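Structure incoming, see below.
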Amino acid sequence: MSGSEEFHQNHPASLICELCRLFYDNGWVTGTGGGISIRDVDGENPNIVYIAPSGIQKERLQPGEMFVAELPGTIIKTPNDENSLPLSKDLAANFKYKPLACTPLFLSCYNMRDAGACIHTHSQNAVMATLIWEDKVEFSMSHIEQIKALPQLELNDKTGKVEKVGSMQFYDTMVLPIIENTPHEEDLTDSLQEAIRKYPGATAVLVRRHGIYVWGETVWKAKVYNEAIDYLLELALKMHQNGIPLVKE
Amino acid sequence: MSGSEEFHQNHPASLICELCRLFYDNGWVTGTGGGISIRDVDGENPNIVYIAPSGIQKERLQPGEMFVAELPGTIIKTPNDENSLPLSKDLAANFKYKPLACTPLFLSCYNMRDAGACIHTHSQNAVMATLIWEDKVEFSMSHIEQIKALPQLELNDKTGKVEKVGSMQFYDTMVLPIIENTPHEEDLTDSLQEAIRKYPGATAVLVRRHGIYVWGETVWKAKVYNEAIDYLLELALKMHQNGIPLVKE
Amino acid sequence: MSGSEEFHQNHPASLICELCRLFYDNGWVTGTGGGISIRDVDGENPNIVYIAPSGIQKERLQPGEMFVAELPGTIIKTPNDENSLPLSKDLAANFKYKPLACTPLFLSCYNMRDAGACIHTHSQNAVMATLIWEDKVEFSMSHIEQIKALPQLELNDKTGKVEKVGSMQFYDTMVLPIIENTPHEEDLTDSLQEAIRKYPGATAVLVRRHGIYVWGETVWKAKVYNEAIDYLLELALKMHQNGIPLVKE
Amino acid sequence: MSGSEEFHQNHPASLICELCRLFYDNGWVTGTGGGISIRDVDGENPNIVYIAPSGIQKERLQPGEMFVAELPGTIIKTPNDENSLPLSKDLAANFKYKPLACTPLFLSCYNMRDAGACIHTHSQNAVMATLIWEDKVEFSMSHIEQIKALPQLELNDKTGKVEKVGSMQFYDTMVLPIIENTPHEEDLTDSLQEAIRKYPGATAVLVRRHGIYVWGETVWKAKVYNEAIDYLLELALKMHQNGIPLVKE
């Protein structure tokens, strides 16, 4: 996979670039923040995962700049391997690609939830929700139509796996765990995994003073869940400002 | 109508896609929320109505993915009928198109008000207005220039039809009914129809904790009314925040 | 000037379309609100003025759809004269172009201030400023760097004309008159003219519960003044919310 | 360098134009405000600096319209020298290019910090931060993930130079000096230089009631730092509104 190789627009590496530009425009991944990873669910080896590199402007990523891992977690290719010039417009002469610090977090979502894609943003709505409710370890909200865009998830006792059994209902309460941030992003792995286990109904985890991790069965589902949750978080901040409770009695 | 067939840019199916992208950028239809339906008022059969499917990313819709109904309400074509591949970029392998849950609501606007197009959004301005005035069943606002973009509607006693007799005036009070949300969108039909009957002067209905339905004589009129109402709702929230009454005495 | 005739991109009729799209994205002319007029200052007859029509979606305007007037105020061409099809995507079958209701206001700016272009928006920042300071007939603000983008205007006693003598300074106080809105836009003409006379230092007039009129020596100056004033109004609302006085003592 | 000469898209003059359009969309350089300067770090003479002109619409700049200086500070080329027509769409007939008033400020960053690019914006987040904390001469914030996008800077006692030794940590406190605005932008030079000397750990300086200056090793680093700081300032305003302290104890 050389830097100049053409990727089909539906290739996971291309989709990461497309979505990073979209997320940049939403203010979710500015300043090199955030990241995306997509699993090649339709490819020959569905255990192949493409991961955006760290410390690079997300909106300027090129498909040839991805890290490639094979689940459960071996990095099998890095953009530093290439003998071609980096495609990025980053002018740093000797740019050394580093895997996203949140790679172990992404891999946790793939391995524990059989996700097809994981999104991590620094959305201010997410950060503000963890600050306003700084004494809470969960974020809860109910009785808003947009909740219906989220999956109804249930733990299958036989298989031990969390399965999607439908969509959430208007009157359901969306509960997202909030974990505490750590100085090094990879150190979040344990508490993220604990939250994923403890909240089988959640398709996202908030990280205090940091942002949010969202995953889904496919890249498009992950995108839709992320959009719906961010919409709900934004609405929650406005409701709070107006003294309206987030969960209807 | 195969998936790969070309649609003229002014074809209702193309206009639905164009407007969905615009509404997505406004945050009105993110996370698969909201939807649009356009009646082929200039076509051979003006009772033909194009309707966006449900559960799909609105900003990625393609013209070949629409449901087609004939008024007063028979679905005559679905994108599942096609033998071509779906045009959507949705990666779900066996995506099954479902008609928008709000289809009976759209049809109510066509049949009761002879509308040319119906727009449904999850606009946060609409949702917040129904939350801040949660004890009210109407939203009222007056003495703002933008009100003049809305139609002056009157019930014609002879024909029993609501007719546009001009534009609202600066000093007029715009009154929009607010109906309560229901767990299933199709169950809104009765209360929406009741609101349409009870408020002959309204070209839109707010749905508590959900969003708004707006219609107009043509797709462009519906778009303009939707924009003007959203502008007014946004302004109303700012006025409320500053303690300014919405209706001038 | 037929509907299909090509206009150079710097032609006033083209620039009106370009700026309307930009202003639409800013939320200043949604729902058919607002409008622009440009004088052909570089053309053969600098008294020719191009004016956007009324009741049409500003972001979809085409150059062939403008009204043309000759100063001091004769309309010499209307898009209804054309034997070509309207270029607009407006689907109304028999669309009848009407001159902007604010045409006499635009002409006042041309005739009284020798303006090269006039912009009218329904900016929510402008409307909110007139609502928050509803008991005031002027809006004043000082000691913000952006004020330096505005012209220093002075009445020349010899010629009786208002002339630009430089730029405002950081410590200067920008004063914009606020006039009361009227049911019919053309009835604003008298009070707008009075405000223009009474405030020789102002390059804009706020209209209560309505919006703003801004003019300048050229279309680009008018655009820059409009941007700078909207920036200042937006900042003023935030300052007010935080209890910070707009004029520094 | 004639006006019609083609510039490679990675040429500093091209990048200034590209970034000005981006910053315009963010509301950072509207109304001719703000500006950018880029040093040709990869060129034949790395002391060559390209500077956007003053009083011109930043989003409409063309590469041929830049001023060129050689460090430590001689202007060696101005767009007025050209015998070609100005590329700008600015309709002013005899437009006379003026160097940005903040040129000596930009040069200070190059000479004192060996910067590769300097960005100056009128960001409302920056201005509001200096107004809300009007009695403070520093802005401080800690324990937000986005802080990690900023450089850890340290004064090297041997060389007397400030060097980047890594990235800031989550628990670090970002401290930005705030200097008072002056009527003439060039008069800010002394206090900016003093702030740069006094705050070796800062990669930006806030100017009260005016905006912000941000610099970095390369244009992309400067852009990333600017984005991260603006994100933090925006978040700080929301935290303040909700009574949340900016520095965690």
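Which chain is which? They are A, B, C and D, in the order written, and residues in each are numbered from 1.
Just so we're on the same page, a residue touches a chain if its C-beta (ideal position, glycine included) is under 8 Å from a C-beta of that chain, and two chains touch if they have at least 3 such contacts.
Each chain and its UniProt protein: A, B, C, D = Methylthioribulose-1-phosphate dehydratase.
This is a predicted model, so every value here is computed, not measured.
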Remaining touching clusters (ignoring chain C, no chains moved): one piece
Most distant chain from chain D by Cα centroid: B
Computed distance of Cα centres, chain D from chain A, in Å: 32
Separation of chain B from chain D, taking each centre as the mean of its C-alpha atoms, in whole Å: 45
Chain C: positions in contact with at least two other chains: none
Overall pattern in which the protein chains touch one another (line/ring/star/complete/other): ring
All pairs of touching chains, each written as two labels joined by a dash: A-B, A-D, B-C, C-D
Residues of chain D that touch chain C when the two form their complex: 27, 30-33, 57, 89-93, 122, 124, 127-128, 131-132, 134, 181-183, 207, 209-211
Touching residues on chain B, where the partner in the complex is chain C: 10, 41-42, 116, 143-146, 149, 169-171, 217-221, 223-225, 227-228, 230-231, 234-235, 238-239, 242, 244
